[in-house]
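The next part holds the structures, each set out as C-alpha cells.
Two complexes come next, and they have one chain in common, chain A, joined by chain B in the first and chain C in the second.
This part shows the complex of A and B:
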C-alpha cells in the first residue's frame, strides 16, 4: 500500500518470529534510551524502550495531516498492509488506504504497536537489558495511559505538534479517549469506536477467564516458556476462543453457523468438534497462537481491565474533557454486548456536560463488537463524513 | 416534521437571520440537519444538533454535521449553563412530553433561545374543530389525531403566556403564513393568533 510496505518472503510461526524477528519487522522503529525513560502509571520507569510503528501516506509541509490509528487488543501496527507473519491484509484495510475514508493520498497515517505488545514495541518478548534475558512477566505492568505516553513521545520525536485525528476501536478507542483527555491540544479530532471510558466488570471477568486459561497451561511455566523453547498453545488458544465469542453476537453466530454439523451427517456422541461453530473456534484459537505471544496477552488484557478514565479526574468523567476543543465522533453498534451502546452514551453525556463538539452514531448491525473491523457501510459513511468536515475546519481541504 | 420543503426552508432562513455569525448554536430536533448545514455554510457557526431518530442522526454525521442522538425531554439537562449562544427548537416543542421543562432548559443552556411552532389558533384549525367538529388535518398538520407525534399543541397566545410564566423575555416574535413567509407588520396579538400558521419566537432569560 505504501512505498515502504514490503512483502514478507514467507509466513513464519510465532515461536520463530517472536523470538528472532520482531526487531527486524518491515516497519519503523523509534528507540528511547536511559535519558528518556517511559514513566509508567505503576510508578516504575522503563528505559531503554522501543516503539515499532508503521506509516502510510506523506506528512505535509506543516505537519498538520497526521492521523494516529490505535490498534485493539490483538491488533498491530500493520493496519493497512499485509501482516508479516500471516500474510493477511491489514486489519483496517477497509478503512485506510488510497481513496478510503482514511485516505492515505491526503493523510499521513501512523499506527504504533502498543507497549506490552509482541510486534516490536517493548513488551514481554523484548530483552531485559538488566538480565540479558527476555522480560517475560518481569516487565512492569503497562496501562492504557502508558501506551499513550509512549505514543506521545514518538509523535513529539516525529515533530508533529498536533495530530489531525486519533482514532481506534475497542482497546484502540480507550487509547483515543486517553489521548483526548491527557493531550487535548494535540488532538484536533477523535474517533472512539465500540469502546468505553472504563472496562466493565463483565469484561474484566472474560479477561480473567482468558488469563487463567494461559496460566493453567503447564507449558506457560511462570511466563518463562521461551527458555524451554515452548509456547502455552492450549491455554492461549482457549483464551482466544472464549474472547472470540464475545466479539460476535448471538444473531451473527446463528446466521453463520446455526447448529450445522462439521463435515459429518450425524452427531458422533463424543467430544470431537461436531458443530461448525466448534471447529471455527478451534481454528481461531490455533491460528491466534501462531501470531501472538501469551505473556503479551496477559499484559494487554490487564491494561484494558485497569482502564477507568474518570478515576484520574475525581471520579467525574466530564472533568477529563473540561475545556476541550477536540471534535469527537463516538460510534457504537447495536449488537455489541462487550462495549454496549449505553457505555458510549455515558461518554457522550460526559462530553455534552462540558459542551464539547460531539457526534454520536449508533449503527444497526448484527455483527457484534467486531463490527468496527468489518464491512459496515454506515461506519464507512460516518467516518468519511466526519473526517471530511473536520478536515475543512482544520484547513486541510477547500 | 410537519411542513413541506418550501415552508421549511423559509422557516430556516428566518431563523438563520436571527443568528449572529461565528456563534455557537445547538439545534434541538435537528431532523436531517438542514438548518445546521445552512448555518455552517452561511454563518460559519459552530453548529451542533440533537435528534431523536437514529436514522436522522447518522445521516447528519455522514454529512459532516456534529449531531448526537438524544431526546429534548431528557437530554438537555446535562449541558452546562449558557453553553451556547443560541438554542433552536424548530417545529419540535409540540412533540415533547414536557414543553415547559424543555423551554426552561433551553433558556438555561443558551443566551438566546429560538422556538418555532405551528399555531393551533389559526383560523383553519378553529374552523375544523369549531364548525366541522373534527380535529384539524391541514397542509401543515398532516397527521390524524390517533397517529400524531404532536401531543402538546398551543396557540401563539398560549405560548406567550408560558413565556411570561417562566419569566423569560421576548426579543422578537414573527408570524408566518403556510408557506413560511412573514405576515405583515400589523399581524400581532389576536390577529396574528388567527392568521398565522406558524410562529417564531426569539427569547432570553
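This part shows the complex of A and C:
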C-alpha cells in the first residue's frame, strides 16, 4: 500500500501539465463509483470521483499509526517526495521522513490531494463523465467539509478506524479542524497550524483580488481555456504574486530583500524589475503557473473563504468540539498577519470552553505565514514533542 | 489667482476622461516652456511641461499664508472642491475649507497635480511635443524629487518665497519630506502623515503586483491603449483592488464587512460576489478606472518605490535635515500596516538627531492607512493645534 516516491521522468511544461491526464501521476488512487457519491455541502453530489494520494512509511498491524497530513492551498499530496512536474523536494520534507518529527520509520503518513485540486483528485481538470469534457468551472463548488468527507471515505476504504493524528497548516489546518469537529472518534490527535476556524474579511479580500486577476485574463475564457489549448498564465501569475506577499512578513521581506537592486548598481529609471523583490515575485508568479491550474485556484480559494466552522454549530465554535477526546496542539506564528495568533487564541478559547485537551504554542519568528513550511526550529521541536507524547498515550511508543 | 471650485457639467466616462484634453479641467495651469525645463533625477529634462493646480482662499499681502497640500498616489489637485469627473467632494474636504483645520478663511491653499499624474500636469496622457502623440510610457520616469522640483518652480512663479506649511499623507508625505530636505528655507512648517522616508520592500512588492496586473491586460498594449481608443480596465481594476486592501486595516474590514453576505441569505456556492467585501472591492476597482489613467498608475507607483531620501544624503537620513529650522509635526496611525508607526519613528529619530523642532503623534485608530483621509477626530485636533501654534510663531495669528 505504501507508495515509494518515484522520480519524474522529466519536468513538464505548464500546458503539458494541465492538459495531460493527471491520473498518470506517480501516486496512489482511490476511485469511487456511482454507488458511493460524495455528498457536497452545496446539496449536490459528485459521482464518480477520484482521490489521489501519496503514502510514506508502513501501516502497522492494528492500523493505529496513521497520520493524515492535509495540504495548504497550493500544496499537494507530494509532501515528502519530489514533485512530479517541478522535480523539487516535497513541500514538507523538513517535517516528514525517516527520523524527522513525523517519523516515517514509525508512522504511516497519508497525504491526499484535496477535492477541487489539480493533482489527480477530482477537480476542474477532471473529465466530467456527463459530457466527456473537462469540468472546468462546471464542477460544483467544493468546501473544506467536502474535502474532509472525501478523505474520510478514503480512510475508511484503507480500513483505518482511527487516525493517530491529523495535521496541517493554513488551509490544511482548516481541514484538521473540520476533521476534529465532524469525526471526533477518528482523530486521536490534531495539529492545526497557522490557521483559523473561519476565514477573515481581509483574507477573503485578498483571495477575491486573486480570483479577479484570473478572471481578467482573456485566456481564461470563462474557464474553458483547456479547449483552446491555453492557460491564463498572466492572470494566475498576478494572483500568485499578490498571495505570495501575504505569506511573508514585512520583516522577512526587509531582511531578505530590503531595497536591494537586482543585478545592477543603480536604478534604471524604467519599469524593469530594478529591485530584487520585484524579480523574486515575478519568478514566483511564473513558476507557479507551471504547476497549478487556474480553475483549481478559483475553487480552492473559494473553499477557504466559505470556511466558517462555528456556523454549522449554531454560531458557537465550542459546540463543534463538544465532548471531544482528541488531543490538540494549536500552533501560531508571531509574524503571521494572514492568520494572526488572535485567530488561534479564539480556537483555543473554544477548546478550553469544552475542557478539551489542548496545548497552544505561539512561535516567535519573523518568517510570516509561510513559517509552517520553513526551517523554524521551535516548530520542529513542538511537533516532535507533541507527537512523542501523544504516541505514548496511544501506546505507539514506550 | 484663487480658483473657485467649478461644478463639472457632467461626469465623464472613463474613455472620455482619459482621452479628452485634460487641459480643459476647471483649475489653474502654469506652463513652462523650453527655456525653463524640468531637470529630472533620471538625468533627462522635460520641456515644455505643465503644472495643473487648484487654489483655495486668498494669498495675503506679504505672501506668508500659503499652505501647499501634496496629494497621495491616486489623489489630485481637487482636495477641497468637487472632482470634475466623478462630481464627488474633494478628497480632503474634512481638513480644508472655511473654518476647517486648514482654514481657507486664513490660509491660501495650493494643491498641485503631481508630475506623471493624469489630471492636467504633464504625464503619460500629455502630448509629446516631439511626436505629436501622447507620451504613454515614453515619458521619462518621474521621481518624488521631480514632483517637488516642479512644485517649487510653480511656487516661485507665484512669487511665494516661503510656504507657511507643506502637508500631505502617504505619497503626499514623501513630497513633504523631500520639500523639507531640499528647500528648507522655503518650508516654515511641515506635516508628513502616514508616510516614510523610504518605501519598504513589502510596499514595493504590492506595487509590483499592481503594475503586473496592468501590464497583463492585453488592452494595455505596451502603454499605447489611447491609440486603440481602449483602456486596460480589468488590469487597472485588479491593481486598485489589491492596493485598496492594503489601505484598510484587518479590524476595519472586520468591523465594516466581517463575513456578511451581499443581498442574499445564504452562500450561493458559486463565484459570484457572495460576501459584501467582494462586491465592495469590485466596486472600488471599477470606479477607480473611471477617474484614473493606467500609465499614470505605473509612473506614480514607481515614484514611490524609488523614494529613499537618505540615499541622497550619504545614506544618513539625519543629513537630509541638517540645520533645518522647519517645524515638523509627524503623524502615524496605530492600524496603518502599509506605513507603520516604526517608519515615522525612524523619521523622528533622524529629526531628533539634528535637534529639529519636531512633534510626533501616533493616533490610535482602527481605520488603517486611509485614516488620514477619514474622519479621525484626533487627526483633526492635531492638525488644528499644530497649525495654530505654528501660525502664531509665523505672526499669522494673534
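Side notes on the structure shown:
Following the convention adopted for this analysis, the second predicted complex is superposed on the first by the 394 of 398 C-alpha atoms of A that agree within 3 Å, B and C clash if a C-alpha of one lies under 4 Å from a C-alpha of the other, contacts with A are read in each partner's own complex, and residues count from 1 in each chain.
The rule is simple: a residue touches a chain if its C-beta (ideal position, glycine included) is under 8 Å from a C-beta of that chain, and two chains touch if they have at least 3 such contacts.
Note that the structure is predicted; figures quoted are calculated from it, not measured.
By the document's definition of touching, neither partner reaches A:59: not chain B, not chain C.
Look at A:310: by the touch rule set out above, it reaches neither chain B nor chain C. In the superposition on chain A, contact of A:245 is made with chain C only, not with chain B.
By the touch criterion defined above, A:337 lies against chain C but remains apart from chain B after alignment on the C-alpha atoms of chain A. When the shared chain is aligned, chain C comes close enough to touch A:200, but chain B does not. Once the two complexes are overlaid on the shared chain, A:302 sits against chain C while remaining clear of chain B.
No residue of chain A lies at the contact with chain B in one complex and also at the contact with chain C in the other.
Taken in their complex, chain C has these residues touching chain A: 41-44, 137, 140-141, 198-202, 204-206, 208-209, 211-213, 215-218, 234-235, 237-238, 241-242, 245, 248, 250, 253-254, 256-259, 267, 269-271, 273-275, 277-278, 281-282, 285, 298, 302, 305-306, 308, 337, 340.
By the touch rule above, chain B contacts chain A in their complex via residues 24, 46, 48, 54, 57-58, 60-69, 75, 78-80, 83-84. Taken together, the chain A residues at the contact with chain B in this complex read 327, 329, 348-349, 352-355, 357-364, 378, 381-382, 384-386, 388-390, 392.
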